[in-house]
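Heads up, the next two complexes both have chain A, just with different partners, chain B and then chain C.
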Partner chain A sequence: MPIREFWRRQPRLLRILAVRLALIVPQMFGVTLVAFLLIRLLPGDPARLILGNFATDESIALYRQKLGLDKDVWTQFAIYLDNVLHGDLGTSPFTSKPIIEDLADRAPATLELILYAVIFTVGLGILIAVVSVVRRGSAFDWGARAYGFAAGAIPDFWVALLLVFFLYTVLGWAPAPFGRMDLMLAPPPRITGFLTIDALFAGDWEAFRSAAGRLILPVATITIVNAGAVTKMTHSVFSEIWDAPFVAHMRACGVPERQIIRAALRNSLPPIISVSSFILGFLLGAAVLVETIFSWGGLGQYAVQAVINSDYAALQGFVLVASAFILIVYSIADILYEIVDPRIRT
Partner chain B sequence: MARRSSSLLRPGLLIGLALLAVQFVAIVFAPWIAPFSPIEANPLDSLQPPNLVHWLGTDELGMDIFSRIVFATRVNLLIGFAAVALSLAIGVPVGVLVGYYRGLGGALVMRFFDFIQSFPVFVLGMALVAVLGQEIWSVVIVLCMLFVPMFARIVRAEVLSLRERPFIAAARCSGANDFAIMFRHILPNAMTPVIVQVSVSIGMAILLTAGLSFIGAGVRLPSPEWGLMVSSGAQQMILGIWWVALFPGLAIVFSVLSFALLSDEAQRLADTARRKEGAR
Partner chain C sequence: MSASPEAPVIALEGLTVGFGGAPVLDGIDLELRPREIFGVVGETGAGKSVLARAILGQLPPGGRIEAGRILLEGRPIDALDAPQAARYRGGRVALIGTNAKALLDPVARVGDQIGRVLRAHGKPDGRTDRRSVRDRAVALMREVGINDPERRARAYPHELSGGMAQRIVIAMALAGEPEVLLADDATLGLDATVQAQVLERLVERSRERGLSVLLITHDLGIVRHYCDRLAVMRGGRLVEVSEVSRFMAHPADGYSRDLLAAARARPALQPPRKSDDRPPIVDVRDLTMHFQVPGSPQPIRAVDGISFSVAPGETLALVGESGSGKTTAGQCLLRLLDNTDGRIVFDGRDITDMKEAAFRPLRRHMQMVFQEPYVALNPRRRVRDLLAEPLALVEPMTGAERGRRVAELLAAVNLDAAVADIRPGELTAGEQKRVGIARALATKPRFVVFDEPTTALDIRVRAQIIDLIRGLQSSMNLAALFITHDLNSVRSLAHRVAVMHLGKILEQGETRAIFESPREDYTRKLLAAELPIDAETSEPASAGSAA
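So, the complex of A and B:
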């Protein structure tokens, strides 16, 4: 079998990438199909919804023709797919801008928020888990377990409100929960769309402080609620490895504790990567609530507006972009997973 | 001293059961416990802080928060139970079938589940409720889309290992047909992980319902629902009016926690049972 021979001879990294990329295409096709069907399932005739109750039957028939509704479902899907491939997600009747532009405008706000949130969530989760395993049976260990258990029961939107109340209203420590930056300040010129990074590029310290300050409460909210899951997961993986013979052996050889921890952590990496990617994907949806509370102006808030306005085209665009994002995150995680764990054979 | 009962009298189990009992009392006796109507607005009493008449204060519309929290137990738990029951009714048989008859059909069903689960839960929920209409049953359907694949997956994994066991071969030799093997011999042995998952799922359902209602894609006013109640107090929180959002949020935490505790205890019981079986 020359093909199989050829495949085997390729570098491992290349094989992992090829398999993953080949899987993305059908998955994206499926996502597009679902986003399309979701809107097709809507009760009522879109032409009548748009033109209103007083439209004549002729004008509705004409409009149906214009929208392509007179064709069968699969032709419509083909047209939709073609449009999506050309970057056309339709136009929102509420912002009267192409939906793809709306989404591109708002994406950096959400990405900035969830990226910082994931870094802190995973960092804190791992830290708590490692300390509680190393100090097994201590008060910290008990506290960490209780936290890991309870965190899953707390609604994020409620935590956000409590943080706003205590840290902003009562104590006045945190900045106001209105948007990503002080409105009195000029935003830095857009390069990445991440206000903190753009402000640094522009050397604008005041803008940086404002943007970073505004991030504290929403990032803290997401971290508090989600770090528990990371803690729980890391705890079970890490404690198992901590009891492994190689750790006892390292200790017997007099390897410093810090280095043992690093080696044990390296071995617990694969499940941590998958749980982190899951959280990153989950946050895109969960950030909807946090964004709403902090008037963040990101994708999540756009989606909420779309729901409230019954702006189905915008909602469809959001579902499509969000699912594509999650698909990409999961694929990257799978690739990393296979890279860090050489035992997985491709 | 307690010899055998020590595993039954764990604090987690007791707290979980106590919280669950409180919720059932609230569900059954809501009209007698609640001093006010849960849906009657009274603008003259708007935003009263907790006092002797309104124990937990009133919201913007002057509705009594304590009464609403009590009645909301019915709405939230009804949604949670209905969603999980429906998901069990669909997911468990599907899991058994897919696990028992492996093959193209089963593989397709599993890929389809993978696919549904790759959507962001919350986004899918928002979109579906927007499409189906803001009714309690729309929320239940959204939750089912989430739970059916989960239960089916768990059952399938169990069935895959059980079907290779000798007692299944014995049943087949004694002339049992596929249906009897699947549902009388395999299913009862595959239920333990499902039962553990049921309780957690009810908690998840309550959290998700509350989240959907919070952003206006779930249950609608004036229905009493915990997430909706938190949402109605969200604007006032900044102004220092804390009671409107605080108490219903606490209700969510306690409710979800009670189901999480029970599931944790169920898991522990299952583990002990398995260990005993292994030792035998």
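So, the complex of A and C:
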């Protein structure tokens, strides 16, 4: 079997990447199909909904023809797929702009928020877990446990409101919870859509300070609420590894503690990767309350608007984009997962 | 040499260590002299490992030095200042532990792991740049007898054999250039041939570098071959300290004499069975098991066309080093693995391609005793439930009946009835083995595969397990396949022996014939690798450096 042999001779990293990237195509197809069918499952005839109760049967039939609803499901799906591939997700009757443009406007806001939030969430979660395992039984350990226990139970909007109340209203340290940047400042030219990064590209320090400052409270909110989950997961993995014979052996060999921690953490990575990717995917929609409180104007708010307005095309577009994002995040996590653990056979 | 009046490198003065209750080490006085190889023998639970950990200043959690001192070159180790203390572990005293695979970081390359230790101790000569550390790590790997060290340095621990991993651990111990090595059952669980190679290498390096070695073991053969002096340990005390040669001739203590007698015992060979015309209960033809491994175009030929048969009531021993395919062959036999080629006939029926549903009723007649009972027994269930579980699969019976059967099984393996109510974790290794055996016998099988039933057991416990199996065989008329590398147990249990090497059977025949006049070189090498306790027998094979 020459193909098989050729495959087995390739470096491990290449094999991991090839498999994962090849899998994205059918997975994306499945996601598109589900997004399409989801809307089909909604009750009611769109033509009748749009034309209203007084429409004649002929006009409805005509309109159905115009919408392509008279064709069979698979032809409709093929048309939909073709449109999606051409970047056409339809037009929203409420913003009267192409949905793809609406999404492209709002996606960077949410992505910027949740990427920073995930970085801090994972960083803080790991830090707390590692310190509490290394100093087992200390006051810090007990505090960390209490936090891990409570964090899952705190609602995010409540944390957000507390932070706004104390840090903005009472103390005046934090900037106002009104959007991503001071309205008096001109936003930097759009390159990545991330205001902090674009401001740095433009060399606009004032814009950077404003954008970064506005990020503090929402990022802090998400971090406080979600770091507990990372802490708990990391704690259970890391403490098991901390008790493993190889850690005791490194210590017996006189390897410095700092390096032992690093090695043990390296061994704990796979579940941390899983939980981080899960949180990142989950926040895309779940950050909506935080977005609302801070008038962030992100994807979550757009999706909620679409639901309230029964704007199905916009909703469909959101579902598609969100699923694609989660798919990419999970694929990256899978790739990292296999890279960090040499024992996984590929 | 050991009579030299030089000051000891390590001295223990009345060392007493406790974990809250009774002391685990009780007033130990011991001197380790320069360039001396000192054996510490004793059975499991004697406190040998705690002794090594105490000297290293790394007691298990909860352990505390309650009295006495540990002196390094005359200075108490708790009086070392911070930089000296940092140098102490690994730099002056290094530990070589048991079960090397668990001692290595599973996600780091072994060369880098040696490098970490080199860096920690600023070896070589304080240079910590990547290149010199790597070169030194490779040199160390070569020194402990690893072939092609440049390539092996890039391997992960799971890609190494047990013997190879043990060599890496030794290299890590040597990396800090210590004066004292503590080898804590360093070769436990390794094949006899590999054990001999690893020990040989370890002792050679230590002599060369002028190290003092504390060789902790439960194998008197090892002590007899490599040590200058020894201490016998029991219940946290040293019952006897003596020169090895004097000890072998005249052990002073009663317990020492028992140990020595148990180690010297050469069981009578199992007499050949009277041949009869009954057809074999198990008949295997050209059994082959190849594993496809990703990342390599060649399959692993774990079992490569072996044929043998076992008559009713007969015991066939399958001996060979680890990696020879013994266990894989046993698992294929019970259809725990689906062999890639060959036929397996059980009791006249070809079971090779039998559907699981048709094969299932046959399973009660063929059972397996797994190698590591602690892994094979569910740690959360009580012994009673573990034994009742297979019974429930066989036929419906009432709770009372089942209770009676469990009691019978426990009695059959000489375990106390009270054991039924505890969990495997609370049992000793020997008791766990017994529960494993009882579990396999629960369905009254006619054929049992014993996978390494005597490895990693103390010598006296081993003898008890062998007696047990022997008794069970004759009382139940069991046919057995006995997979092992412990030749002593083969002598006393097997009617016939098959020698396996690299997936093939090299020779098979009556036990006596194989032991007394082996035809193959490999068999002779295997037999020679046993470390005999008495001087008149041959020296251990210092066979090459291939691991």
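One rule holds in what follows: the second predicted complex is superposed on the first by the 346 of 346 C-alpha atoms of A that agree within 3 Å, B and C clash if a C-alpha of one lies under 4 Å from a C-alpha of the other, contacts with A are read in each partner's own complex, and residues count from 1 in each chain.
By definition in this document, a contact is a pair of C-beta atoms (placed from the backbone, for glycine too) under 8 Å apart; a residue touches a chain by one contact, two chains touch by 3 or more.
Quick caveat, the model's predicted, so the values are computed rather than measured.
Within the superposed three-chain model, A:Asn267 lies in touch with chain C and out of touch with chain B [touch as defined at top].
More residues of chain A are in touch with B than with the other of chain B and chain C.
After overlaying the two complexes on the shared chain, residue contacts for A:Gly254 are found with chain C alone; chain B is out of touch. Within the superposed three-chain model, A:Phe29 lies out of touch with both chain B and chain C [touch as defined at top].
Contacts of A:Arg9 after superposition: chain C is touched, whereas chain B is not reached. By the touch criterion stated above, A:Trp173 is placed in contact with neither chain B nor chain C. Once the two complexes are overlaid on the shared chain, A:Trp205 sits clear of chain B and of chain C alike. When the two complexes are laid over each other on chain A, chain A has no residue in contact with both chain B and chain C.
If you check the complex, the residues on chain C that touch chain A are 56, 58, 86-91, 94-95, 97, 99, 102-108, 116-117, 120-121, 156, 158, 169, 172-173, 175-176, 293-297. By the touch rule above, chain A contacts chain B in their complex via residues 27, 30-31, 34, 38-39, 41-42, 149-150, 152-158, 161-162, 164-165, 168-170, 177, 281-282, 284-286, 288-289, 292-293, 303-304, 306-308, 310, 312, 315-316, 318-319, 322-323, 326-327, 330.
Those residues of chain A that touch chain C in the shared complex are 4-5, 8-9, 12, 15, 244-246, 248-256, 259, 263, 266-267, 340-343, 345-346.
Residues of chain B touching chain A in their complex: 115, 118-124, 126-131, 203, 207, 210-211, 214-217, 227, 230-231, 233-234, 237-240, 242, 245-246, 249, 252-253, 256-257, 260, 264.
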